[in-house]
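Two complexes are shown next, each including chain A; its partner changes from chain B in the first to chain C in the second.
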Partner chain A sequence: MADFSLKAAPVLGGLDLSIGQCKLVERTDIALISAAVPLDGRTAFEARLKTEWNLDTPSPATSTRAGPMRAIPMTADQMMLAFEPGPTLTEASVHAALDSDAYTTTQTDAWVILELSGAGATTALERICPVDLDAEAFPVNGAARTTMEHLGVLIVRLGTDCFLLLSARSSAQSFLHAVEISCDWTAP
Partner chain B sequence: MIINHPLLGPRDAAEFVYLGDANLINRPEGLGDNAEDAMYDHVYLRDNPAGIHRELWYHEQGDRSWLVVTRNTLTHEVTSVELARDVARSMGRSR
Partner chain C sequence: MSQQNRIDGGQIDRTATLNFQFNERWMTAHPGDTLASALLANNVRLVGRSFKYHRPRGIFSAGSEEPNALVQLRKGAALEPNTRATTIEMFDGLYATSQNHRGSLERDILAVNDLLSPFLSAGFYYKTFMWPRAFWEKLYEPIIRAAAGLGRLSGQEDPDCYDKGFLHCDVLIIGAGAAGLAAALAAGRAGLKVILADEDFRMGGRLNAETFEVDGKDSASWALAALAELSAMANVRLMRRTTVYGAFDHGVYGALERMTDHLPDSGGKPRQVLWRIYSKRAILAGGATERSMAFGNNDRPGVMLAGAVRTYVNRFGVAPGRNVAVFTNNDDGLRTADDLRAKGINVTRVIDARKGDVVVNTTGRKGLHTVFLNGDRHVEADCLAVSGGWSPNVHLTCHHRGRPTWREDIAGFVPGGELPPGMAVAGAAAGTMTLAATLSQAHETAASIAADLGYSGATGAPPKADDETFATAPFWHVKESKHRAWVDLQNDVTTKDVTQSHREGFRSVEHLKRYTTLGMATDQGKTSNMLGLAVMADASGKTIPETGTTIFRPPYTPVPLGALAGRARGKNFRPTRLTPSHTWAAENGASFVETGAWMRAEWYARPGETGWRDSVDREVLATRQSVGICDVSTLGKIDIQGRDAAEFLNKVYANAFLKLPVGKVRYGLMLREDGTVYDDGTTARLGETHFVMTTTTANAVLVFRNLEFARQCLWPDLDVHLISTTDAWAQFSVAGPNSRALMQEIVDDLDLSNEAFPFMACTDCTVFGGTPARLFRISFSGELAYEIAVPARYGDAMIRAVMSVGKAFDLAPYGTEALGVMRIEKGHVAGNELNGQTDARMIGLQGMVSRKKDFIGAALLDRPEQVREDGLQLVGLRPVVTDVILTAGAHFLSPGDPEDMTHDQGWMTSVAYSPELGHSIGLGFLKRGAARHGENLRAYSPIRGQDIMVKVCSPHHLDPEGVRQRG
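Our next item is the complex of A and B:
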C-alpha cells in the first residue's frame, strides 16, 4: 500500500500580490476560534475575556483588540477570536481558557484570510462590498459580516487603508478572483 | 432598498431574505382547543395589505438576526425596524 505523507499548506499558497495601488496578501499566521456565549452567561464570558487577555467584548459593529488577540462580532452572542499563535497562546490554550464560559469551535481551516491594503484598497472594495466603508461610518476596528459578489465575508478595518477579509476556504479561489478583479478594474 | 438594522445601521436589502407576515411569530398552540383551525389560519391565511405591512426579514448575509420590518408596500418606505427577538419578548415570550 502506498505510503502517504500529508503536508499542511495554505489554501492560496501564501499569496502575495500587488495590483495597481492595492496589496493583497493571504494571512496564514492567524488562528480562528468562534465563541458562542451561553444563555445568561454573558457577564461571566465578558469577565473571562478581560482576565485572560484584557480583551473587551466587541459591540455589534466593532471588533476589539488586545495584544495578539482580536474579537470580531459575528452575530448576537457569538464572535470570532482571531489571534496570532505563540508559544503560550495556542488554539488549545484558548479552548481551555473559555472551557467553562463559552462554546468554542476551531475555525482556522474553514476560512481563507486576505489582507487588502494600499491607497486603492477602499476604492477596490467599494465596487464589491455593500457596506458603507466611509471612515466615519466604518472606522478603524469596524467589523461587518456581509456579502461580496455572492460570497459571505467578514470584513474588519485594520487601518485607514487596510482591511482583513475572511471568507469560506471552500470558495477561496472564487473569492480571490472577485477581490483581484476589483483591484484590477479600479486601478488608476 | 436599505434596511436600517437596529444594531448594525443601514444595510443593503441584498443581505436579507424575506419571509413574510410578522404574524408568523405567533405560532398557535398545537395542542390547544381549536388547534387545527388555528394552525390552518397560521400557515395558509395571509393579509395582503396595500400599505403598511409588518413583515419578517432574515439577515442571512449579515448577523443572522431576524427582524420585524414595517414597510409600506405601495412606496417601499421602511418606517420601523425591530429585532424579532425584542418583539417576541414584548409579547411575553421568554426568549
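Our next item is the complex of A and C:
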C-alpha cells in the first residue's frame, strides 16, 4: 500500500473577495445531502425531521432551518439538507438518522456553494437571476431552483442582503465568472 | 458666434458648457441638450443626406421618431452608425459625423441621384438591372451594394460590453409623460411595485416641451415635482434612458436601458442593459407621434414637425429658425405660433389647411428659404413647422397581433380590442389627446389596477389641468402640388411612389411597404406610415381603416445586436465544465477538446512528439502494454434509489435489470419509444434499493430528463427517486494488463483477484488509507480495467497520487483520442454509431433485448425496416493495402458498381489508426454485414476523393473473445 493520504481541495480554492458593495465567499464548510421521501412515506419522514433536528419540511419556495440544519426544497418529494458538520453532526450521522425514512445521497461534492452578501448583492443578482428577489416576494429563507447564465442554480436567501448560491461543481469557474462580473458591473 | 440660435428658457444647465464635434467642427452645448438641439443652437441645419436621392436633410423631429438626422457617433471601433441626433444626450467631447454621402456633406457626389430621380422610382432596380445577365453579380450587385445603406460599420470588434437582466414589478408604466407620471403617482401611492420607464434622459415627455399648467405649476415644474415624489418611494423604480421595445408573452416586456451612452467613457461598465421585465400589469403611456403632410419639396432642412419646434423652443431654449412659418391642420399646431411669439421669434405666416390654405412647394437647397402657398403666394421662412395631426403610439399594443382601430375624431388609429394580456393604455397612446383627460384617465387606470391587485392604499387625487383645444381635420396630401412630395423621409418614398405601386398592383399595405420600402429602417415609419396609408387609401378609393396598417413587431426602436448578445461573448459565450483532474492535466501537457460543455484532455503531448498521432499512439500502446489512466468523470452519473428502483430500470432498459445482484454492474441499452438506441451505459447495484447509472457524456442531461419524465408521468406509482451525481465524483478509468497490480496499491484492504472481484463487479471501498471511493470493474478499452471514483474534492489529489504510484508501472495518462482508438479496436459503439437511426440489431446486440418484459421501445422493435433481411449491421473494416488511411463517411460499394445511391451498401462510421495492428481500422454499417466478413468492398468517398478497397471483418479488431477484460 502506497503511503499517501488524499487532501480535499475546494473547487474555487476557498474564494473570499469583495467587489464593490458585494462580498463573495466560497462556503467550504457546508455539507449537502439530498433526501428523497419514499412513496407513501411522507408522514414518517416529516416526523423524522422533527425528532432528529426539530426541522420542518420546506414548502416549494421556502427553506426551513432549525439549529445547524437547513432543508432546501428541490422537487415535490426531494430536498437538500445543508449543514455545517461538527463533532456529532456528520454526513454519516445524517445518512444514518434518515436511513429508514428517506433515500439519501451525499451531494457535498456535486456543488459549488457561494455566499453572496452586501448592499450590492440584490442589484448584482438582477443581472443573472430571473427570480424576483424583492424582499416580499423572496423573503429570508426563500429558496428557488433557477438558472443563471445557462447554469442550474439553487438560491436561498439567508438574510436581507445575503444569498446562498449552489451550482454545479464542474462549471464552478463559469458560475463564479457570472457572479463576479455581475458584482463588478453593478458596483457604484 | 457660438450657439447663435440659443434663446432664453429651457431645461438645460447653462452653468456648464460642453464641447463637441460634428464633422470635425468644434461647437459648444449645455448639459440637457441633445445633439440635435445643440446643432440647431449652433445654426447647423444640414446634418445628413437622404437614403436614395442624397437630398440635403436636416432635423425633423425631437425624439426617437427622427427619420432624417441620422449620424455616426463616436469613432474608431466604438463608431455607431445610424444614430438619431434627436436622442443623443450631449456629453463633453462628443464626436459625431454625418453619413451617407460621397465627398463632403455639403458637396455629395451622389446628389446626382436626385437628378436621376425620374428613373429611380419605387422598384426601379427590379426593372432596370435585368440585362445583360452577366452583369448581375459582377457589376450591378457590387454597385448597388456600395450605394445602399446609410452609415458604415467600423469593421472592428465592438469595444463596449453589454449585459442583460431581470426585473419584476406589479405594474410597468411605459412612458413618463403626463399619463405615465400620473399613473405612476397613483400606483406608487397605492403601494404597488412600480417600474416607470422612459426612453428620454429627462422624464416628463411633452410636459417638458409645452407651456401647460398642472396643479398650478408650469408643466415641466410639475413633472419635476412628480419625479421627486416618485423618487422618494421605495416601491417605485425610475428607469430613464430605457426603451420598452417589445411586449412578449405572460406579461414579459423587453427593455433596453442605455447605461453609459451619455458618458464620455463607460468606465468598463456595460454600455447598455437588455432587461426582461416581468409585470403583473402594464400601462402603456407612450404618447403619440406627430406626423407631417405631403407637399412639394417637404423634405428640406428647416421643414420640421410643429411639436418638435415647440420642444426645441420650450425645452432646449433653441430657436429652430428666426422666421418661422406654421402649416397645420389642427389646433395643436396653432399653439406653435403662440409659443414662438412668446419667445420673440418671428412667425411669418400661419397656414391652416382647414381654411383652404396649403403649402405647394418650398425652395432652398441646403436649408429652407421660401414657402410657396396655393394662390401664387409665398412667404420667406427658414423654418416651416408642420403638423398633420398626432398618431397614438399603438405599437406595443399590437405585438400580440392585435389590430388598432380607427378613430375619425382624431384621425388616427387607437389600440384595438385585443391588447396583450395585462396591458392597459392611457393618455395620447389611447387616443386621449388633451392634458386634463390624460391625467385623469391615467390616474383612474392605475387606481383600477391597484384595486385589482388588492392594494388598498390611497392613490391621492388626480393632477388637475385644463383640456387644451384639439380639433383636427384629416388632411394628408396637397394634391395641387406639382413637385415631389415626400411621404417617408428616411427611405425617400414620395406620394408618386405610393400611387405608382398601387397602379402596378401592389394593393396590400404589406406589399406597398415591401415594394416602396415605406416604413422600413430605423424609424419604422413612425412619422410616415399614416401618411402613406392615407395616400394609398386615396389612390385605391378606400378609407384608411379599410386600407389597414402593417403589422407592428418588436423592437419599437432599434436594439443593438451587442445588447441582444449581452455578456455572452468570446470565451464567455457559454459555460464550460472542467473535470476534477483539469488542473493536473493542464500542467502535464494536455490538449483539451470541447465535448459538450466539458473540456476534456484529448491527448498529453510529451517532449519529442511531433504531432497528435505520436501522443495518441504512445498512449494506446502504453495502456495496452502496461496501464493507462483516463479521467471519465464526464460520464453522466445518476443515483437511483427506491423500493421499486430495480423494476424502474427494468422498464427503461431494453435488457433485464430486475435480478442484477448487489455488487454487480450491467451494460444497458436504452431505447426511444420507436425502438431506436439513444444511449448506452452501465448501471451498478450498490444495494437492494440503490443503483448508480452511468450515461454517455453527451446524453447525461437527456437521460436524466427522460428518467424523470418516466418516474413522474409514466410510472408515478413506483417508489423511485433520482438525483444526478455526475459532478459529485471524480472517476478514473485505469486500464491495461497492469491495472490490477496498480489498483491493488491504491485501494485499501480489498482483494482484487479475478475470483474475488471479477469482471463487472462493483463495491464501495476506500483508497489511500481511508478516502471513500467506489470501484467498478468495467472496461471500454477492452483491457483488464477498473473505474475508481472518489468524491470530487479529492479528484486533483487522486490523480497526482495515482500517477505517483503508477510510475512503477509506467502508468500513462490517456485522453479522448486514445480512448476513441481503443474503443474502435474493441468494436464498442459510440456516438458515431448511435446516431439516432440505430437499433439493437444493427449493432449486434439484439440478443440483449429482452422479449419477456415490457420496456420503453418494446412496442416498435419489429417494424418492417428493422427486420428487413438486408438490414444494416455493424462490421469492422480494414484496408486491403495496409498503408492506406480509412475515411469516416465513405460509402461501401461492390467492386464494379456505379457510384450511386442504388448501389450504396452502407457507410464507414468510425476510423482510427491502430498502433497495435499497425494500420488503419474502421467500423461501419453494411447491408447483411454480419454474414460478409472476409468480403472485399470499395470504400468510396467523393467528398475526399478517395476510392479504396477494404476488407470486411469482425467489429472486434482486438481480443474478440474478451479474454483481456475478463482476465
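We adopt the following convention: the second predicted complex is superposed on the first by the 183 of 188 C-alpha atoms of A that agree within 3 Å, B and C clash if a C-alpha of one lies under 4 Å from a C-alpha of the other, contacts with A are read in each partner's own complex, and residues count from 1 in each chain.
As a working rule, a residue touches a chain if its C-beta (ideal position, glycine included) is under 8 Å from a C-beta of that chain, and two chains touch if they have at least 3 such contacts.
These figures come from a predicted structure and were not determined experimentally.
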First (chain B), second (chain C), both or neither touched by A:L39: both
More chain A residues in contact [chain B versus chain C]: C
First, second, both or neither for A:P85, with chain B first and chain C second: neither
Chain B versus chain C as contact partner of A:P130, first or second or both or neither: both
Which superposed partner A:T147 touches (first chain B, second chain C, both, neither): first
Which superposed partner A:T106 touches (first chain B, second chain C, both, neither): second
Touching partner for A:W185 - first (chain B), second (chain C), both, neither: second
Touched partner set for A:P68, first chain B, second chain C, both or neither: neither
On chain A, positions contacted by chain B and by chain C: 39, 74, 130-132, 137
Residues on chain A engaged by chain C in the complex (per definition of touch): 1-11, 34, 36, 38-40, 74, 77-78, 103, 105-111, 126-132, 134, 137, 149-151, 168-175, 177-178, 181, 184-185
Chain A to chain B touching residues, read off their complex: 39, 60-61, 73-76, 130-132, 137, 144-147, 152
Interfacial residue positions of chain B with respect to chain A in the complex: 7-12, 14-15, 61-65, 85, 95
Touch list for chain C against partner chain A, complex: 161, 163-168, 193, 268-270, 273, 276, 278, 567-568, 572, 574-579, 597-598, 633, 639, 641-644, 689-690, 717-719, 721, 723-729, 745-746, 748, 767-771, 790-798, 801, 804-805
